[in-house]
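Pasting a structure here, questions to come.
Think of it as A, B, C, D, E and F in the order they're written, each chain with its own count starting at 1.
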């Protein structure tokens, strides 16, 4: 049994993320997907709850639900023991996939192998851009797996992002 | 017994806030005033402690002290259960008064009625502007209830705001 | 304006507490009643939420609602700065009333005057005993102010205490 | 899609737990298994980490890995908003399965349907007893699914429980 | 430069602790003494603040103040990353000295060498017994380094322990 | 025994800091150096862990290791009791040295004497500038004590600062 780990915020889970999951599952039996910043939600940077992000991921990954392990991880203030805190919430794994510099530094200093993620259309599939498209005209639907689009519409996610953005009038 | 709830940071409690309290008390028997971000103080955005803000509110509301319930509420990281966390610290209420978009979203998703606050001179009575006026020439005194002005002078509040603003020379 | 402070858990607020409040208000203009362990509820030792305890206190103190300031205070782990943490959530006060040894030590080391509370029927009016009476036959109603009894019946408080006590069958 | 939720500490995941999961999956499409007290580990009451408990559950539930969603949930101090805090970390669900009195009270007050779990051999399949058997002669292996036994042996779980129990000699 | 680490609660720092420090400093250039449970104080189990415990240790170790590094470490709930959390607050070290079973398990799983402490009069020099002696007649002074006794008398430490023990009369 | 306290973040500990320590030790027997924001590390503003900062300080202060007491202090959200929280982690002191406006306000309101630090080359010896120099060409080595430079090179500190700065490509 070979297991890998892939951390991300998935705000929202887009086609680039799905591509990464499929790529890793070609080589590994199981993939632990860590939903980071799990305690944050209903903000512009983190509009969706961890539960909603887990729901998105499962909607998009129906073909290999038995091979993914989706775990919410709340941020802690002290970065240095980040990897060991995370490890206490997940089954054992061999390789960590990430392009995030801080994740790479923190994992490498503990001797964990970190591999890069060969992202698809890296300038397009970007969470921040997708959240901005939700605020404006649109185009965001093409960047997400179809099932994620449906799920976001069910929870009125775009309306949520727009209302959070509204200027407080107090 | 009809009770309403009105959350705010009240940094400081100004005439717009007092107007809102008087407006709500026309219809409701009691008003719970939640002093939000209660754990924050001695910063530019939150110069006054929760205790000082409670003191301000009671100074300005002497005529109906028996009908207001002033409760400090510390912020939590997880926004989603915000309303249920708050509910555990206050007596029951029927209506929540707020113009804050996030408050409205979080309350509406739990089926709580949210009503807008018909603020007086909305462009003037703004906490942020008043704190800026404290840093500069002045004019802030006209925007606060007289008793709040006296109380701020007693604690040397303006000097505090200015000193917090000073550039650290280390 | 002379203000005193009286901290307690008030699980529930009984006639001994009410007697103490009336005693202090004979000498002081205002009394800050701190509802301690405010974040604890739905346990055997702390069955009622802070909001419910505030509600009890206001029900029992209808005659002097304008002179009491009821503030929930969550416990912190570090006892030593207990008083200074508390002070940031309440208006200024001159005297602290308590029979609690730890409260006395922590207040005295900061130079705050602590006075004892001349409790009424000290062996009867005890929160722990009242909670035990709720679990068994009864007799608890005579020990609480009439309005607190009504309020506890409205929220089915006795049923709550009994259910929390039930042995988990998992 | 009908989803249920089943919270537990699973220290360790035993045959009674497996029976409950199978029972619920007869009626529901998916089951969210919440690993409670997720932040606690390496203690007598909670010897295994959340990650190890997730690993146990997946080992025992190989036949329906695509239908279970295993989520670690850290305890919070404030019980009252327990359900709403939990909800922010899981996909939506219709029914909560639990025999735990506190869980039932907290869920019922929010209008969530709670159903009992028809446990198998309720006096035998008890986490606390199994942990005690691990400390003594044995017999614990018959009470756990075979794959969980193997996994506990791999991580030397029994040795861990015994060493935690050792009297500190400082 | 060879550095060792020695964690303990030091409630209070007694002759057995001093003996351990002297023993370790025979082989190592520097010793990091971690004052554990640093956030706890003014309780029966942890009567002294971290600052007071640091003061005790420095009073007793005057001969090698340049070779000890005394660091307060607050407890965290999640035991598993205990060592990595601790490491972020101390300079690097080679060997950890402890007789505490949990400390040994947590350090060994990370590949850190743990060595036992050859305690002097292990049945006598025990923090818990010394705190009990403080409550009763005495005899505690012989078990502590002379400078620690003086320091405890200066802060009226025995009176503190006794007052914490007093039954609350509320 | 006269003791002073000097709080700072020391990211990194530079010649200005060393000058301040030497200045204070001319008058005081012992100096408590508080490493503030101790829980923060591996960020652009706080690249070094508290343990690394303690290591830096001891490397630079070899001549008076017996007279400095270096204590990590984690930030708390509530500023008002900042000084009393800090006091519980350090031995008693008489004077606090700081040029930081907030530190001065918080200490003065508790009646603690605060004295300014006569910094050397105040426009050069600035943590923020030194961290920026680490990101670019250099020149930072001249601003740090020689032993601190060696220690930063040993832990590859400059590479760390640069990698944290890298744009995340996810």
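Just so it is clear, a residue touches a chain if its C-beta (ideal position, glycine included) is under 8 Å from a C-beta of that chain, and two chains touch if they have at least 3 such contacts.
Predicted model only: the values in this text are computed from it and were never measured.
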Chains touching both chain A and chain E: D, F
With contacts defined as at the top, give the pair, B-D or A-B, that has more of them. A-B
Quick check on chain A against chain F: do more than half of the interface residue numbers occur in both copies, making it same, or fewer, making it different? different
Find the geometric centre of each of chain D and chain F from their Cα atoms only, then give the gap between the two centres in Å, rounded to an integer. 46
Which integer distance in Å separates the CA centroid of chain B from that of chain F? 36
Where in chain B do residues touch two or more other chains at once? 39, 41, 49, 74, 78, 80, 87-88
What chain pairs are in touch here? A-B, A-D, A-E, A-F, B-C, B-D, B-F, C-D, C-E, C-F, D-E, E-F
With touch defined as at the start, can you tell me which chain A residues reach chain E in the complex? 78, 80-81, 83-85, 87-88
Residue ranges of chain B touching chain A (in the complex, touch as defined): 8, 77-80, 98-102, 104-106, 117, 119, 122, 126-127
The residues of chain A that touch chain D in their complex are 38-39, 41, 49-52, 54-55, 58, 65-67, 69-72, 74, 87-92
In the complex with chain C, residue positions of chain E that touch it: 39-43, 49, 74, 160, 163-166, 168-170
